[in-house]
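In the two complexes below, chain A is the common chain; its partner is chain B in one and chain C in the other.
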Partner chain A sequence: MYSSRRIKDRLFIAFIASVSILSLVPLFHIMIAIAVNGVQVIAKAGLRFFTDTPPAPLSRDVGGIAPALFGSFYITLVSLPITVVLALLASILSTEFPSNIISRAVDVLSRSLASVPTIVVSMVVYTTVVVPMRGFSALAGVIALSLISLPYAYTAFSTALRSVPQIYREAAYSIGMDRWRTVRRVLLPVSRRIIVTGILMVFARAMGETAALLFTVGRYRMGINIDIRAPTDAIPLLIFDFITTPFKLYQEIAWGAALVLLAAYLAIFVSVKVAVKEVRL
Partner chain B sequence: MFKSKHDRLFFISLLPTSITIIGLLILFLIILVFHASTSIGVFGLKLFIESIWNPENEMYGILPPIIGTFIASGIAVAVSLFFSIPLSVFTVEFIRGRTRELVSSLIELMSGIPTVIYAIWSLNTLAPYLKTYVMEPLYEYLSFIPLFSCKPVTGLSVFTAGIAIGIAITPYMAMLIAESYRSIPIVYREGCLSIGATRYETTKILLSLSKPAIVASTVLGFARAAGETTIAAVTVGNSMSLSWCLFAPSYTVPAIIASQYANAGLYVYAESVLHASAMVILIATLILSFIGLKILDEWRRRVVV
Partner chain C sequence: MMYAVEIENLNLYIDGRHILKNISMNVSYNTIHVIMGPSGSGKTTLLRTINRLIDLVPNARITGRIAVLGRDVLSSDPYILRRDIGMVFQIPNPFPHMTIYENVAISARLNGIARSRRELDEVVRWALEKAMLWEEVRDRLNKYPHELSGGQKQRLCLARALAMKPKLLLLDEPTANIDPINARRLEDAIVSLKDEVTIIMVTHSPHQAARVADSVTLIYDGYIIEQGPAQVVFLHPSNEYTAKFLRGEI
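Moving on to the complex of A and B:
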């Protein structure tokens, strides 16, 4: 004997469950599509996919994505410390000295940076760095990446610092520590795992950023440049460029590069999850 | 406010980096407004109400990308709401323990996937699928409705961009909605259950309680969709046209910047026009995020206490 209320309830649960499952389908479809297409390309190219430069559009050889691979790591690794230092100091300021106008301004502005479209960051860096330097450069890319990852790092760090219970601070003050020592000896060590996972997520985000690099790093695909004033390339940029070309070979390379990018992202994500789990124990 | 000289020194030593951040954002706005003002000064309001992109003759009107951005973001938010509300109810209300942990991890995983990965998938998988199974049937049977009145030729259109962006922002919105849904005090849920409400009725009441939070998430999602570049540039079709039809290739502001900015330096005003369009979107997203965060804060203070 089912009342209409009971039936409605059942239908509702069925609806919620099926839409929820449906909403996660794209995730699996994306991963499978990238894996299937990417593995074929990388298998065809072999290890040279990681050591070669991209071929001419009509050649038979798949070539590789070495310049983009190097460039991605290069600019992300250089921008990361800049982001981390700026965001960490800003988040210490706004969590430890919360009640003054500068802290509040820093808090609001750092968070509103997140709503600036990344392509706008790219345009502004283009006019302020690329134009005066008379050319694209890894440095411009580094600056753009630092700018876009700053709000994420700031949010991660201030969440980490706020997650430390107030009694730790009080205990430190009660034995006569000043705020600097409290931050350095108590707060940072206590929240260090969360901070490290925050840094990893910021790294993942910066690594996958495309729009901020469009008008900054240039698209130097002939080789590897160590000089920070010289143009370089990045994996997301290469994918973006190659999927919009009409050449079949370039589209294949884009799939391979997408697999590399996705695999790197998954690796970081899984290690973050493992690290967070250890915190709970 | 400072207990000792050390504290003051510490505070002062934190200032330079913080002022750098504040300065950067102000510098940002100044540069953008400065560059945009050249073209706004020359073309006036006409720039925003006409539809023309002809840099060779220095004629510009950026209405189509602006409208395209709003339509694509509107579709994206609608798609995303359809998925993210059930998804957040599902994770908070219907599953427990390990399953919930797994599903929330998957949502988190999905939200962090680089947008260029969504772009390559949308272009090669989603667009052809939408063209064959959604756009063509709609055109065939409902073409008397102006929105569906043109034949989908390539499968790349505002409609495709909207759906693709909608899928990409679903995890973000689901996390926002789930967070506010979870923060509703347990007394409301207990109250519902104590008068014998079914889960459907409980959820309905809790959802109506969190309506302001859902509105705020929608506004924030809209802001994010409007700034989305990679997916839009690949799926929107890149064509300067203004029509009622959702299936015609069009532009969004980030898409036109992505495709035209590199060559804009060759012409006198093109760069400035693109800065003007970027300024429109930047102001829109800043205002929207501000409103969204404000509604969310107020709601928290009122309901969560």
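Moving on to the complex of A and C:
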């Protein structure tokens, strides 16, 4: 009896372990493929890969991805605070006043926005921002990214706030805290790790977003534009454009750009995991 | 004001269900009043009505009158009202992201009890001593509550409630989830407090009620079955139900 239970237990653990490994295979395959192909091109180009503009298609020089690298960080870092502030306010509203009609409307709108295809958002921003401004711009990209990230951030933050056990809310009220103080001094700090992880996910998603930028940022690859009203580029757009060309050099650059994107994501992910301490309940 | 707490014809409905039924009771200053009764009888709900934590329950409707220290509870701003009413809950709930020191200091600072760091240090020490926890944590005030035992956490919650210098202290089965030794320490701390604060404590244990109570109210199914001075109720219960409850038969 005892041994059969033990065998079953071990078989089950072996099954779980193998399924876990199997689910990680595609992830590692992607990471290894990007690393192997990307390292070669970055090694060939050297530091200029991060500081130069892309070359002509038949050039012997690898050049670099500086406009896309700058553009990606620029539009993501400008859109991130907008997304975080709006999503945080919306999630506080929906968790603190769940039966309020505005709060319900915000909840429904945020969730339905998540199901709108990103290319549709890009088209909407094209007609409402790009056309009136008479040109592509980083600003249009920022607006598109903010709109796309908003529902993800809202879901992450409201889940984080709802995950705080009710006993801490009651404790806060019992010592005379009002709603706002309770949110600021108890709910947000207790759920900070989930919130920061949510911000990270939103950041990563925005960095990797392609369709939303198709009709908004303008793919400007001749140099770096700091002006938010001027067109810019983004790494995912560059990868999408270059990998679909017949030029071998451009395909190589696309692999290098993919490695840069992956490395940036991993660096942020690891540093946040290390820096943000979990609150032990 | 003859009484610290006066409740008259209190009725509470949640989603249309009648939970508290025509409750009337008075609690004298600087006494320990114990509300006892079996699980689900409405003890905790009554306690939460006194400091308006019942507001957190959707669709709760209250009729009747509650006065705490002469102030009408139902027409008061609940956030201001709660500054005079400390509470310790059934499950220990120190703030997990704050240190032991900060857990106590926050309620003193919030309620204007201490402003300077020195005043704050004094209040924190006073509250921890009153909760009989100071000796156990004096060397680790900057540690987090997850390092404490369940009983120590509950005494930390008592210290947090005391640091706001409340005039009324509500205790909702504070020893229900801790070991007997810690429960006894907490009881000792509670009894030693009644010179400074009026206490209403909920328990389902008649033995605990007998050890600490000056006066008691027995609730069953939302009704008050019996109330009066502890000695009278324990020695000469006026109805059969009370006698059965005290014998542990219900």
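The definition used in the following text is that the second predicted complex is superposed on the first by the 242 of 281 C-alpha atoms of A that agree within 3 Å, B and C clash if a C-alpha of one lies under 4 Å from a C-alpha of the other, contacts with A are read in each partner's own complex, and residues count from 1 in each chain.
Everything below uses one rule, namely that contacts are C-beta pairs under 8 Å (C-beta built on N, C-alpha and C of every residue); 3 or more make two chains touch, one makes a residue touch a chain.
Predicted, not measured: the structure shown is a model, and the values here were computed from it.
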Check: Does the chain A-based superposition show chain B and chain C clashing or fitting?
Finding: fit
Next item on the list: Go through the superposed model and pick first if A:41 touches only chain B, second if only chain C, both, or neither.
Entry: neither
Next item on the list: Considering only touches as defined above, state whether A:178 meets chain B (first), chain C (second), both or neither.
Entry: both
Notebook entry, point to check: Of chain B and chain C, which one touches more of chain A's residues?
Noted result: B
Next item on the list: Give one of first, second, both or neither to describe whether A:124 is in contact with chain B, with chain C, with both, or with none.
Entry: first
Item checked: chain B versus chain C as contact partner of A:239, first or second or both or neither -> first
Next item on the list: Identify the partner contact of A:249: answer first if only chain B is touched, second if only chain C is, both if each is, neither if none is.
Entry: neither
Next item on the list: Please indicate which partner A:33 is in contact with in the superposed arrangement: first for chain B, second for chain C, both, or neither.
Entry: first
Check: Looking at the overlay, does A:170 come into contact with chain B only (first), chain C only (second), both, or neither?
Finding: second
Note to self: With both complexes overlaid on chain A, does A:99 touch chain B (first), chain C (second), both or neither?
What the structure shows: both
Next item on the list: Give one of first, second, both or neither to describe whether A:260 is in contact with chain B, with chain C, with both, or with none.
Entry: neither
Item checked: Minimum Cα separation, chain C to chain B, after superposition on A (Å) -> 5
Check: Residues on chain A in contact with chain B in one complex and with chain C in the other?
Finding: 99, 178
Checklist line | chain A-touching residues of chain B, taken from the complex the two chains share | finding: 1, 3-4, 6-7, 9-11, 14-15, 17-22, 24-25, 27-28, 31-32, 35, 82-84, 86-87, 89-91, 94, 103, 105-110, 112-121, 123-125, 167, 170, 174, 198-201, 203, 223-224, 226-230, 233-234, 254, 257-258, 261-262, 274-275, 278, 281-282, 285-286, 288-290, 293
Check: Which positions of chain C touch chain A when the two form their complex?
Finding: 51, 53, 56, 58, 78-80, 82-83, 85-87, 89, 91, 93-97, 106-107, 110-111, 144, 146, 157, 160-161, 164
Item checked: chain C-facing residues of chain A, complex -> 99, 165-178, 181, 185-186, 189-190, 192, 279-281
Item checked: Contact set on chain A toward chain B in their complex -> 5-6, 8-9, 12-13, 15-17, 19-20, 22-24, 26-27, 29-30, 33-34, 85-86, 89-90, 92-93, 97, 99-100, 102-103, 105-106, 109-121, 123-124, 126-128, 147, 150, 178-180, 183, 201, 204-205, 207-211, 214-215, 236, 239-240, 243-244, 251, 254-255, 258, 261-262, 265-266, 269, 273
